[in-house]
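What follows is a pair of complexes built around subunit A, which joins subunit B in one and subunit C in the other.
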Partner chain A sequence: MNPGRLLVLALVAFVMLLYISPYGYMMLTSFKPAEDALAIPPHILPRQFSLDSYSRFAKDAEVPRSFLNSFIVAMMSTTLAVSLALPAAWAISRYGSWPGRFFLLVALVTRMIPYIAIAIPFFALMRSFRLTDTWLAVALAHVTISLPLAIWLLAGFLEAIPSELEDAARVDGCSRAAALLRVIVPVAAGGIVVTAIFCFLASWNEFLYALLLTSVEAKTAPIVIAQFKSQYSLDWGSMTAVGTLYSLPVIIFSLFMQRRIVAGMTMGAVKG
Partner chain B sequence: MKSVLLLLIVLLLVTGPAALAQDEPVTLRVLVEGGGISLQLAAAELFEEQTGHTVEFVEVPYPSVFEQLAAEMATGGSAFDVATIDVVWIPAFADFAEPLDALVTDEVAADIFPALLADGLWNGSYVGMPTWANAEVIYYRKDLWEDPDEQAAFMAEYGYELAPPTTWQEFTDMAVFFTRDSDGDGAIDLYGTDVKGAPPGADVEWMVHVLQAGSPGVVLGADGSIIVDNDAHLAGLEFYVSHHCDLGITPANPLEIGWAEGENLFFQGVTAMTRFWGHAYRLQQFDLSGGLVGAPYIGPEAVANVGVAPMIAGEAGIGSIPGPWFNIVPKSSENKEAAMAFVQFMYDQNVLGVQEPLGLSARISAFEQFAGEENYESLTALIATLNGPQTIGRPLVPNWQQVNDEVVVPMVQDALGCEVSPADALAWARGELEAMGFE
Partner chain C sequence: MSRSDRRYVLLLLAPATVFLAVFVAWPLLNLFRDSFYEVGLMTPGERSFVGLENFQRALTSSRVGGAALRTLAYTGIVLTAEFTLGFGVALLFNSLGRRSELLRTIFLFPLMIPPIVAGLLWRFLLIDNFGIVNHILRQLGLLASTSDIAWLGDRDIVLFSVALPDIWLTTSFVTLVLYTGLQNIPASLLEAARIDGAGALQLFRYVTLPLLRPVIAVVLFIRGIDAARAFDIIWVQTEGGPRFASEVLSMHIYRNMIRYGDVGFASAIAVLFLLAMLALSLLAFFSIWRPQALRGDA
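Moving on, here comes the complex of A and B:
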C-alpha cells in the first residue's frame, strides 16, 4: 500500500475515532459499577464489568414504557411526515412551477424558526384539543420538524425520476395518484426510506416538545433519561445504560438498511 | 368491519394511552421533580386513604418543572392542582399561585425555619408552603479527624485541637493540613477541600460565605438594589478563591467541579472536607436496589468514616443558603379545595419525608424527632445550619435565574481563573446587573 493511501486511511480512522468516541465512552460507562461510573478522574475502561446499570431497565416500568412511547410517536410522525411530503414533493418536482418552488422555499424557512418560538402556542393548541400527554400531540409536534426536511429530501430524489415513467403509467390507464403510488413510489423507495429514517431519527431524539407536551402517559425516553440527573443526584450509570439501549434500535436498523440508505443518498445526485 | 377497526385505531391514537387509564372521581395532579418525589409519596398514600382522593404525581426532570408550569401559566391551563417548586421559582409563579395564608397559622410558622418562611412570602402573602428544606453543611472524614497521630501533628503545627472546623480560619488551616502527597509519588493525592466553579454549585458556595461575612443578602438587597460589591461580597469571594488560587488546597480544575463532582470527590476519598447539601449523608447509605433514583452508591462502610458538621461561620456567624421546595396551588386548578387539603396534609405529615432516603423535611419538629438517631447523625448539623443567624434565602426577584446564570456564575468562574482580582470580578458583576436594569 502506498504511503499516500496509508495516510488517508489513518486520517479516516482518526476522524472515525473522534466520532465514535463519545458513544463508545457512553457504552463503556454503562458497564461500570455505580461507584466506578462516578470516579474522578474518569476511567475509560471499566475496572470491573457490571450489568448493574442495566438492571434499571428491568426494575423500572417507566423506562420500557418510555421506549414504547418513543417508538409509537416516531412511527406516527414519520408516517405522517412522509405521507404529506411525498405528494407535495412530487408536485413540486414534476411540474416545476414557480408556486411550487416558492412553497419549497417557504418550507425551508420554517426550519429556521427556533422550536421554542412555537412551543408555547403549540402547547396551547394541543391543550385546547385536550391532546396534551398523548402520542398524537408529540407526533404532530415532531411533524413540524420533519415535514420541511422530508419535502426537500423527497423533491431532490423525485427529480431524478424521468417524467416519462408517469406518462407511461397514465397511458396504461392509471390516475395521477395511482401512477404516483404504483410506479413512482417503488422506483423512489430508496429515497423514501432515507427520508423516513431522517424523520424517524428527528422524532426519536427530540427533547423539547416531548418535555412540554408529555407528563405521565406519553413520556418519551429522552425525558426519562434526563430524569436520571435530579436535583439531588446524578446517576451516570443508569443514564448511560438506558442511553445505550435507546440508541441500539436505530443503529441496528441503520445497519440493516445500509444498502438502501447509500442507494437513496446517491439517487438524486446525478440527474438524467 | 374494516372501517370500524380503522375508527378504533384512530380513536386510540387520538386519545392515546390516557384513554386506557381509569378515571377517578377526584384526581389531584401534582407536578414534582424526579429527585424529590420520594419525600411526598408516603404522605400522599395516606392522603388517598383518608380522603378518597387520588393523587397523580407528574414526575419530570428539574428544568421541566419550570417549563411545564410556565406553559400552563402562559396558556391559562389547569393541568396541575399542586406544583412542588424550587424556591428560586417562587417570584416567577407567585401571581399564578393561590395565597396560602389560611394554612400558615402561628403554630405552623413556629415550626418552620425562619428563612424558609421568608422565602414563601410574596407581597405580604404566603404563596408556597415549605415541603422540604436543605442546606450546605460541612462533610469531613472522621477517619482522619479522629486519628491520634493526625490530631497530634495538627496540634503541633497549629496550636489548637483538630476538630470539625467552625470558622473560616479553622477550615483553611485544616484544608492546608490535609492537602498532601500520601504515597510520596510527587503528586498530591489528598486535597483539603474543593471549590466548585461549575454550575450548579459555583453560585451558592460563594454566596454562602458572603452571608457569613455579614452581608444582609446576596447580590441584591431586599429592595432590589445592587449590593454585589459590598465588603462582605468581596471578603466571601476572596476567601473562596484563595483556596484554589493562593493555597492550592483544592483539585486543580475547579471549573469542571460542580456539586455532583464535589460530592463524588469527597466520597471517593480525594478530598478531606467538602461543603455539600445535608441530604447526602443519609442518601449515601442506600444502594440503587433501594429503589432510589440516582443515588451514587458508596455504601454504609464508607459512610461510617464520614462526619457532618454545621456550616462554618464567618464574622457574622453561621450562614447558608437554604434550598427549600414549596407546594403551591395554581389559581387555575379545578380542584382547589382538595389541593389546599393536600398541601395542608403534606405539612401535617411532613415527618414522613425524614424517613425516606433523602431524609428531608420543612418542619423543625420533624428534624428534631430524628436528630442524633442512627443514620440521621447529619440532622443536628443541618438544624444548626438552617437556624444560623446568617442563613438567608436568595433574592426574590423574578429573573433571579438569569442573574445567577449570566452574572453570578461567570463572575465566580472569572475569579477562579486567578487572573482577575475578586474586586474586579465584582465590579464587572455590578456593571452587568446595571445593564439588566438593577440600580
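Moving on, here comes the complex of A and C:
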C-alpha cells in the first residue's frame, strides 16, 4: 500500500470514529453516577464507574415490562407479516400476471402514505374493537408498515428460485401447497430470515402508532424511554442507560447478520 | 396461465389482500369520510356533517401552511445533507475497494438505533449549558460561552438541529445503496472509457453518473418519503417547539387529534397531506425513476 492510500484510509477511519462517537458517548455516560450526566462542564470519560443509571431498569417495573411488550409486539407483527407476505410474494414471483403486478403497485403506494393518515382512523377502529392498549392492536398497526416491505423483499428473494423446483416436487406427488411449504420455503429460508429481521426492526423501533394505541398495559419501550422524567428535566442518566440496553442487543445481532442485512437493504432499493 | 393456476394465485394473494383491505383501505376510507364531519376523539358516534368546512379551515390556516412549508424544508435539508455526505462516502468506499469492508460494517450500525433513542441522544448532546457539543466547540475556541448556540431553542436554526439525528441515522443507508450501485457498474465499461482517453472527472460525469441515475432516483425517492412523514425523531427533541418552529405536518395533525380532540379537522389535513404525498411521489416516480430501467438487472 502506498503512503497516499494509507493516508486516505487513516482519514476515513478517523471520520468513522467521529461518526460513531455519539453512540459511544451515550454508553460512557450510562456508566457515570446519575448526577454526573448533568455535570457542568461535561466530561467524556466517567470519573467513577457506576451502574446507578441502570438501576431504573430494576426499580421501575414499567421499564422491564415495556421491553417485554416491545418484544412480544415485534414477534407477533413479524410472524403475521411474514406469513401473509409469503404466499402473496410467491404468487407474484412465480406466476407473474396482472394480479401480481397490481399487488406490487399497491404495496408501493402503501409506502407513500403518511403514517399519521392511517393512525387517526386506525385508532378509532381499534377502539370499536375494544383493542386499545393491547399487544394485538400495536402489532396489527405495525403489520401495516411491515407487510408491504415484506412483500417487496420476499418477491425479490423468491424470484431467484427456478420454477422447475416446484414442477419437480409436483411430479413427485406434492400438492401445490405442500410444494410451497416443504420445498420452496426451505430453499428460500435465508431470504425469509432477512425479511423477518426487517419486520422485527420496523416494529421494535416504531413510535407513533405505539404512542397512540397504548396507555398503560401495552406501552412499548420507545414510549417509556421518551417519557423518562426526573424532578427538573428529562432523566438523562436513565435515558442513556435504558437507550443503550434497548439498542445494543439489536446492534450486536445485526453486526453478525450484516452481510444478509445489507443484501436485503440494497435489494429493496437497487432492484426497486 | 390455466384457470386452476389463476384460482391458485388469487388464493395465495387472498390473506394479504384481506389484511390490507381491513387495516389499511378501510381506515383510509374512514379518514376521507371523517374529513367531512365534526367528530370528537372520545365520542366517535356523535358526528355532524360540515361539508367542506374542515378543508376550508385547513387551507386558510397559517399554522397548517407553516407546518407544510417546514415539512418541505425539513425534507430538503435531510435529503441534501444525506445525499452529499452519503455519495461522498460511497465514492470513498468504492475507491478503497475491498479494504473498505470493516469501515462499511462500522458505518452500518447507526441504522439499527431506534429513531427515538437517536433523537433523545442528540437532544442530550445539543443541550446548551451541559451538552457535549457546545462544550467541545468552546474548548476549540469557536464559542465564547456554552450558551452561545441554543441548538434546539433558537427558532431560526431549530429545523436544522432536529434534522441532525435523522441525517446521522440514515446517511448510512444512502451510502450502502449507492456503494452497491457503484460496485455494479461493469469494470470493463470504465476501462473502455479510460482507454478512449477519458479523465477521472469525465469518467464520473459521462459513465458513472448516468449509469447510477436509477439508483440515485430510488434512494432520493425512499428517503424523501420517509423524511416528509418523519414524526418520532423530531417529537422527542422538541415536540415541535419552540413556538411551533419545528412543527411538521404529521405533528400538527397529531396535535389536532390528541390535544384538541378535533378528529374531523385532523382528518382533513391528513387527507390533504396524503394527496400531496401521492401526487409528489407519483410525479417523481414517473419523471426520474424510470422503472423499466430498474426491472432489468440493475
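A few points about this structure:
We take it that the second predicted complex is superposed on the first by the 228 of 272 C-alpha atoms of A that agree within 3 Å, B and C clash if a C-alpha of one lies under 4 Å from a C-alpha of the other, contacts with A are read in each partner's own complex, and residues count from 1 in each chain.
The criterion applied here is as follows: a residue touches a chain if its C-beta (ideal position, glycine included) is under 8 Å from a C-beta of that chain, and two chains touch if they have at least 3 such contacts.
Only a predicted model underlies this, so the values are computations on that prediction, with no experimental measurement involved.
In the superposition on chain A, contact of A:Ala34 is made with subunit B only, not with subunit C. With both structures placed on the common chain, the touch criterion links A:Met76 to subunit B but leaves subunit C unconnected.
Between subunit B and subunit C, the partner in contact with more residues of subunit A is C.
Look at A:Leu131: by the touch rule set out above, it reaches subunit B but stays clear of subunit C. By the touch criterion defined above, A:Asp235 reaches subunit B but does not reach subunit C.
By the touch criterion defined above, A:Gly243 reaches subunit C but does not reach subunit B. In the superposed model, A:Ala155 lies in contact with neither subunit B nor subunit C.
In the superposition on chain A, contact of A:Leu212 is made with both subunit B and subunit C. Once chain A of one complex is fitted onto chain A of the other, the partner contacts of A:Ile192 are absent, as it touches neither subunit B nor subunit C.
Look at A:Ala226: by the touch rule set out above, it reaches both subunit B and subunit C.
Common to the subunit B and subunit C interfaces on subunit A are residues 38-40, 119-120, 123-124, 127, 212, 226, 234.
Those residues of subunit C that touch subunit A in the complex are listed here as 1, 5-6, 8-13, 15-17, 19-20, 23-24, 26-28, 30-31, 34, 44, 92, 95-96, 99-100, 103-110, 112-117, 120-125, 129-132, 135, 146, 168, 173, 176-177, 180-181, 184, 215, 218-219, 222, 225, 228-229, 231-232, 235-236, 249-250, 253-254, 257-258, 263, 266-267, 270-271, 273-274, 277-278, 281, 289, 291, 294-295, 298. Across the complex, subunit A is touched by residues 13-18, 21, 29, 31, 33-36, 56, 58-64, 67-68, 71, 74-75, 77, 79, 86, 251, 260-261, 264-265, 268, 270, 277, 279, 283, 287-289, 291, 293-298, 358 of subunit B. By the touch rule above, subunit A contacts subunit B in their complex via residues 34-35, 38-40, 52, 55-56, 59, 69, 76, 119-120, 123-124, 127, 131-137, 211-212, 215-218, 223, 226-235, 237-238.
Against subunit C, in their complex, subunit A makes its touches with residues 8-9, 12-13, 16, 19-20, 22-23, 25-26, 29, 37-42, 44, 83-85, 87-88, 90-91, 95, 97, 99-100, 103, 106, 109-125, 127-128, 140-141, 143-144, 147, 151, 176, 201, 204-205, 207-208, 212, 222, 225-226, 234, 236, 239-240, 243, 246-247, 250-251, 254-255, 258, 261-262, 265-266, 269-272.
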